[in-house]
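So that you can tell them apart, the chains are marked A, B, C and D in the order they are listed, and the count of residues begins at 1 in each.
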């Protein structure tokens, strides 16, 4: 949910129009009704994702075609009501409609309505595939996992390093891929430079499908070098990330100072100063 | 062994009924007889596991059919005696019988008795397979490896982070798997969304069997992106874990207890108890 | 760009001969013209690399043969002008021509001129392949990524450890590879010791193509041991690297300089210069 | 070289019998002659290993059969002279002959002499294979890489943890392997429990050959769980190792105390106390 629509449950306690009530239930996460709405919605989303998945398994999809069709329309109805309600009570309708979740919400109900317009078979296949996008609604779950925030913050803090790492691996893959295209050639599966780059990414990340493998001795030597180089180099960003995280965890431990001796760096569960024994202020 | 049955060898020194003697030998790990019993049992378990394994190799299983059959009955006899003895001398019979090890102990003797009831061939196969469960008895070994406790504690301490990591990878696998189902389609091996998710887990964890591989250029580009993203993201939990472990090892280095409130886990440079403020003994 | 040709834009402000002007634009990175030149050049390089890549895809290469031929000559013309201009205005022509980038610049224009001399088909193929070397010009991008410097410095600082790691893995691969050649033999794909070493590198780095796999039980046991050993040992260099990086980041956290002797790199809790003992300014 | 034969070049400066001279050259590493002997020997070993490797490549081995035969005899002669000389001048002949390097030295010369006794073809093949053991002589190189000592010490310090990790992975592999034997069965390549355990090791270490892969949906779910579990659990030992290394590097930094204020924990390059500015004793 975009920040603009986040309801501050405490600052608007007396508001009682339908719109404000709805907003508190749909966008809010603190009031009992808001919590209940969120929990019900999450189960509906998870169930609808499960239906899309099972429907894609051919023998299940064929055996229960009518059941799945009915369930699809039920989910579309529920999500349509939710989408309209969100649009109605959002503080800024455009902000919601153009936000990531607004677009995902729209895309997850559109396919079934499009299927009414055309009965063409290939067209229906595309609609079926579009429904898969509903899976992105699962991301809303992230709001309810406080532990996920640590991960997301750690990722955001190191996004520059991850980008450089990405770029480095890509440039390495371009070079070694081109080299392998020259060494092995189209006869051994390295049919083009983009395909050789794909091989190099598969190798450098140690995935190693084995769908394209070097056949010549020279190619195997280059491949061995790529594996070892990649392996050695890839250890570096992990090291940098760990070192930075380690520093962050150690320095952001506690911001309290002892009022008696001024000692800082206390642990979160400390009640008394570890240097002079004076009582500490409560953490927070 | 469940904590409820753990014998306190020192608090009941004068007890001399058969039951208490047996309990000290079977559940206890301190007395010489208890130690000897445990060591013998571990060797029997390891040997019985080896027999089950060798029996599963078709040519060995066929060549020594009678030997293995005899050994199986011998093991079943030994484990039956042990199970009955444990039941007899356990402080709480129900607590033992319903504990994890109690169920494993029962399951490892049941198959042979079931084989007496029915001589049906397919039924016998299932019994043979059930015997494999005996391998879980190997877990009892963990009690004798003090180093394993560090690992288990580290795992328990970071179980929330591991769960978030699990969930993150699963959600990523669901998204990228669905995307690949759309991009590659059933014609290239991505026959259903669950199968595409399986492919995505195989790729993101860098296992890379190669039983399902992208064939189209678009699919290979998505796959390359999945590999790099997965690789970058997967480094984060390792980093978090290492950083937390690093902090734990550094801060919990102290063996001092507060003489006033008994609080442990002080830092090396602490002079006063962080819980009650009482002066601590000097570190050393 | 080699350091010898790096223009110090501030120390030669009044120079106005064509040569100096050109040098400031081509080798310099500070003046607006120099920046603009670099940006244009990077786009041209990236575009020319893209063309080489697309040309290598057989159906694209055949469909747009004339377009690619024209583009190739255009790029060759641009890079020839650039090469001649660099040679003309370089402080030391020989230093530039013999530097890594000088050779890459030359190699990326040579193939097209060589294609004029001979019209032989196999000869043309080799020329086509030589053009791939142009991809190494992408490395010039590294100069514009300040974050890349951290990575490069980290790699340089740990180059001795990486070399030892490289050597260790190679020796391990030689031993286990030879062992597998003895255990599995040519009949199961391990046709020679070099090939067995290639298998061992593929296995120890956990790439695992699966093009050569152990078939015998003994071979699979050795392979399992190689995987576990490799996995355990490979964790060590990562650990060493992380630990060293962690220390470096923690100790070099301070930006204070000693007012007496100019010594930098003090720790946060330092009150006196560790080199001369002079009092330090307070941190922050 | 075993410690018992290590020559202390400084404590026996006046000894001048042939035996002592030889010992200083062959076992010593400090005197110029000793250094020269070691360097020559390393090159001979590396060259002989290269010859064994090239000989194993079938087309090279057949084309240069006589050359390799001659070289083999030359190497055997050189290594025989070295072995006899080592035996002659060793402080304790038995200690050398029964040491790891003594056995490797003997095994690397035996095959050629055995080939004189029997001309049987299959026998010759075994002799050829035995020569491969000469590769273990490469280990002598380790003595000349001081950086390798850090790695070896780090490995020795964490050998208990690596053993626990080994045991944990093996037990996990036994359990999940048995489970997969039950779930997938012999029809899908999981022909026996040992083979299923091999599959599980291949999967848990993320090698992923793909020679045995789960075919059923249930099997793929278990496999996905194995991958994620293995991946999560395997991060723990790396974390523990890194954390311990990190602590070791930080605590073993310096043992000096300030004579003025008693402050400890100085850096190696510190000349003055960082707390009071008093001059520190030189590090040592």
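To be clear about the criterion, a residue touches a chain if its C-beta (ideal position, glycine included) is under 8 Å from a C-beta of that chain, and two chains touch if they have at least 3 such contacts.
From a predicted model like this one, the values you see are computed outputs, not experimental measurements.
J.: So subunit C and subunit D: same face meeting same face, with over half the numbers shared, or different?
T.: Under half shared, hence different.
J.: Compute the centre of every chain as the mean of its C-alpha atoms, then state which one is farthest from the centre of subunit A.
T.: When every chain centre is compared against subunit A, the largest gap points to D.
J.: From the mean C-alpha coordinate of subunit A to that of subunit C, what's the distance rounded to whole Å?
T.: From the centre of subunit A to the centre of subunit C is 31 Å.
J.: Based only on mean CA positions, could you tell me how far subunit B sits from subunit C in angstrom?
T.: 44
J.: Just curious, how far off is subunit D from subunit C if you go by their C-alpha centres, in Å?
T.: Comparing mean C-alpha positions, subunit D is 30 Å from subunit C.
J.: Which subunit C residues reach two or more other chains?
T.: 165, 194, 197, 206-210, 237-238, 242, 246
J.: What part of subunit B is in contact with subunit C in the complex they form?
T.: That would be residues 206-210, 242, 246 of subunit B.
J.: State the interface residues of subunit A toward subunit C in the complex, per the touch definition above.
T.: My answer: residues 160-161, 163-165, 167-168, 171, 174-175, 178-179, 181-182, 186, 191-194, 197, 203, 206-210, 213, 217, 220-221, 223-224, 227-228, 230-233, 235-240, 242-244, 246-247, 250.
J.: How about subunit D: which of its residues touch subunit C in the complex?
T.: Residue positions touching the partner: 49, 52-53, 56-58, 129, 132-133, 135-136, 138-139, 141, 145, 147-148, 150-151, 154-155, 158, 162, 165-166, 169-170, 194-195, 197-198, 201-202, 205-211, 234, 237-238, 241-242, 245-246, 248-250, 266-267, 269-279.
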